[in-house]
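Listed after this line are the structures, all set down as structure tokens.
Here come two complexes built around subunit A, the first alongside subunit B, the second alongside subunit C.
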Partner chain A sequence: MSTQKVTEQLYQSGDFERLSQVLEQNLEQCGWATEMRDYARSLIKADNTIHFQDLYEKLLKAATESFPSSLKVSMLQEIKSTILKMTDVAQHQQDQGQN
Partner chain B sequence: MHPQSLAGLSCSVLEQLLCDWVHELAQQFHRSAKLSLQECPACKSRCRQFCSRSGFDIFANSIQTPSTVPYYNCEGCGRQIAASRYAAHLEKCKGRTHSVTSFTEYNEDDSEQETFQRHKRKKRKANTNST
Partner chain C sequence: MSCPHLSQLPNLADTFWEACQRIWANGNTVCISCEDCGAISKRSVQCLHCKHVGCLWAEDGKGHYQNTQHKLVVDMKNAYIYCFACEDYVYDRDLERLRSNCKSLEAWKLDVGSASPEEERLMPVKKGTDLLFKDACITAGLRGMQNMGATCFMSVILQSILHNPTLRNLFLSGYHTSSFCKKSSCMACAVDDMFSVVYGRLDKASFFGPTTILSLMWNISRDLCGYSQQDGHEFLVYLLNQLHVDMGGTNNSDCDCVIHKVFGGTMYSTVTCLKCKTKKRTMDPMVDINLDIKESTLEGCLKSFVAPEAVHYRCSSCNGLDATKQLQFHKLSPTLSIQLKRFRNESSTNSCKIEKYVSFPLRLSLETSSERSKVDYGLFSVVCHKGTLDTGHYIVYILYENQWFQLDDTTITEVSEKQVLQAEAYLLFYHERRLFYEKSK
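Here is the complex of A and B:
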């Protein structure tokens, strides 16, 4: 099962939106989102005419390096269980179709 | 599903989620930065540009701290008084100001006051003698 296919199925089932909200909620709760906003503000302050692509790349690099490890573990667990549930449902539907 | 492929899938989904979140954050801040540089079509001023200098609020008004509060000369004693304490100082700055606050201060001539007091005592005595 390819990543693209899995992502498409997550979008269609609405699980991707739900996971996105869970991630945002957790990021706000642990304060990491505030730190990222402060960093973005400092980048803008340093150069008010910064290009969007440069800003995005700098923020993504900082986010990838500083992402909380505890949150990473919990999110991966959540995503795994969602994918397994999705594949179980798909398998069940396939079996029903065959019968 | 193979555990390794499931872990790999989960990681790529998390990466996608994080990229989306960062993209939204970058869009939000980039938009506000660009808007702050533009002139507002309604009021024809850069009303979205906020001041970020120290000692000033976002509207470029000076923040009053104990070290920045203005001082004024007291008209009575001539001392430098902080604006927040000026009213309280004026109340206590008695006898050195032109303003009159009590009847006792109004009669600055002591002989007149004494005459008045003597007159009051005489009147009281006369009343007690008559009863």
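Here is the complex of A and C:
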């Protein structure tokens, strides 16, 4: 399955929404989200005329660099197991179809 | 930050309204993928000129602009308008009004069911043209409060009322004014005047002196007389009750006054006899949640609050003496007020203060037993107390226009989110992140 197909299926099954919420909760709890918001505010305070693109690039860089690695690992595992369950179901349905 | 390109689009209001409806009908769950690369999570944007959907965080949105010179798009996650020529999000007063009207209308339809043509006509006008406060000061609503002798316990509560989104909108809309009320010694009129002064005065350096509210309080409640420091939470309960009386509240358990609509919730208390297992359930009203500090996180304290505990209780069915009691939230109010019980009265002369730090989240989700099973809250006010009960000082952290401020009597300081979250909180005020509508009775 292509990445696009996988993403679409994740959306349809509601898993994308669920995984996003898990990720968001974790990022809030560990204080990463607070750091990012405070950083964004400080960038705007330093330069009131800053454009969205500039702000976005700076934040994206800081966000990727400060993303907690332990959370990265656990999210990837979670995503992997969700997709495997999906393909298992798809495989099962395919087998059923063939019989 | 309006952009000159907005005026170049014909029928902008209608096209924008349609895009907003697409986002919020069915509660913002629709996923709109980019027409060029198929991505869903690269922030889809819909062109206001031709409805083409591109992505903002990758190249397709910009690509469409370069091909067609269509400058304006709507961010399909939050309905804000982005201009590729200005390379920034742009804002227009009338469109902002449309945006929030559409959001409210769709949320209302989702909760209440589809609107009949008659009801839809009563809804906020599609093309909002009323003038807002054109000359409003940029910090209207953010004003210091004069300490008139250990009255900081009042100031922090009044600031929490001033920045309560529902109450603020209610009073600023003229719901209760002294010219209409005509009662003398009305607390609601005094609070309304406070809103007018704090939100209307243009001078940033001016502050508010709560003299009327203070004298009303002394006249009505003998317990709170005198200049000694009082408990902020006690004042909150007193103020809410007084407002409830002055705003048409009744003594019934299902009082429908505005104060109860905003602060009132209900809780189930179930007692289960350990011997014969019979359950006895009562429903109690509540205007706030008072938590014992049993854990180091707010979520932990709340869990402990709804956990079963052993009690002594004579069962009417089997005369057994042991039971468990469990509390459960049934209906949660739009504003959630939480008190962390830091002051313990050991005896009439000895009261101690628990200074243990309890962490609290900016967003809180609570489960209820009613049909609305989960309520999402956002923090907007944190009241802190420093010192002892008799000689301490209150300050409050307030969220104003997406920025946290520390309000210490007449001194207002911008603070980081991090600083707020590290504060030793005494009272916490949360508000529903999305207003929930009910069919009128």
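Note that in this section the second predicted complex is superposed on the first by the 99 of 99 C-alpha atoms of A that agree within 3 Å, B and C clash if a C-alpha of one lies under 4 Å from a C-alpha of the other, contacts with A are read in each partner's own complex, and residues count from 1 in each chain.
Rule of thumb we're sticking to: a residue touches a chain if its C-beta (ideal position, glycine included) is under 8 Å from a C-beta of that chain, and two chains touch if they have at least 3 such contacts.
Since this is a predicted model, take the numbers as computed values, not measurements.
**Student:** Check whether A:63 is in contact with subunit B, with subunit C, with both or with neither, and answer first, second, both or neither.
**Tutor:** Only subunit B; A:63 stays clear of subunit C.
**Student:** Touching A:34, do we find subunit B (first), subunit C (second), both, or neither?
**Tutor:** second
**Student:** Report for A:87: first if it touches subunit B alone, second if subunit C alone, otherwise both or neither.
**Tutor:** first
**Student:** Of subunit B and subunit C, which one touches more residues of subunit A?
**Tutor:** B
**Student:** Which of the two partners, first being subunit B and second being subunit C, lies in contact with A:72: first, second, both, or neither?
**Tutor:** First partner only, subunit B.
**Student:** Once the structures are superposed on A, label A:11 by its partner contacts, choosing first (subunit B), second (subunit C), both or neither.
**Tutor:** After superposing on A, A:11 lies in contact with subunit C but is clear of subunit B.
**Student:** Is A:96 in contact with subunit B, with subunit C, with both, or with neither (first, second, both, neither)?
**Tutor:** A:96 sits against neither subunit B nor subunit C.
**Student:** Do subunit B and subunit C touch any of the same residues on subunit A, and if so, which?
**Tutor:** 7, 16, 37, 41, 52, 56
**Student:** Spell out the residues on subunit A that touch subunit B in their complex, using ranges where they run on.
**Tutor:** It comes out as residues 1, 3, 6-7, 10, 16, 19-20, 23-24, 27, 36-37, 40-41, 43-45, 48-50, 52, 55-56, 59-60, 63-64, 67, 72, 75-76, 79-80, 83-84, 87.
**Student:** Mind listing the subunit B positions that touch subunit A in their complex?
**Tutor:** My answer: residues 1, 5-14, 16-23, 25-27, 29-30, 32-33, 36-37, 52.
**Student:** Can you list the residues on subunit A that touch subunit C in the complex?
**Tutor:** 4, 7-8, 11, 16-17, 28-29, 31, 34-35, 37-38, 41, 51-53, 56
**Student:** Contact residues on subunit C for subunit A in the complex?
**Tutor:** 29, 31, 33, 38-41, 57, 82, 87-89, 361-363, 403, 416-418, 421
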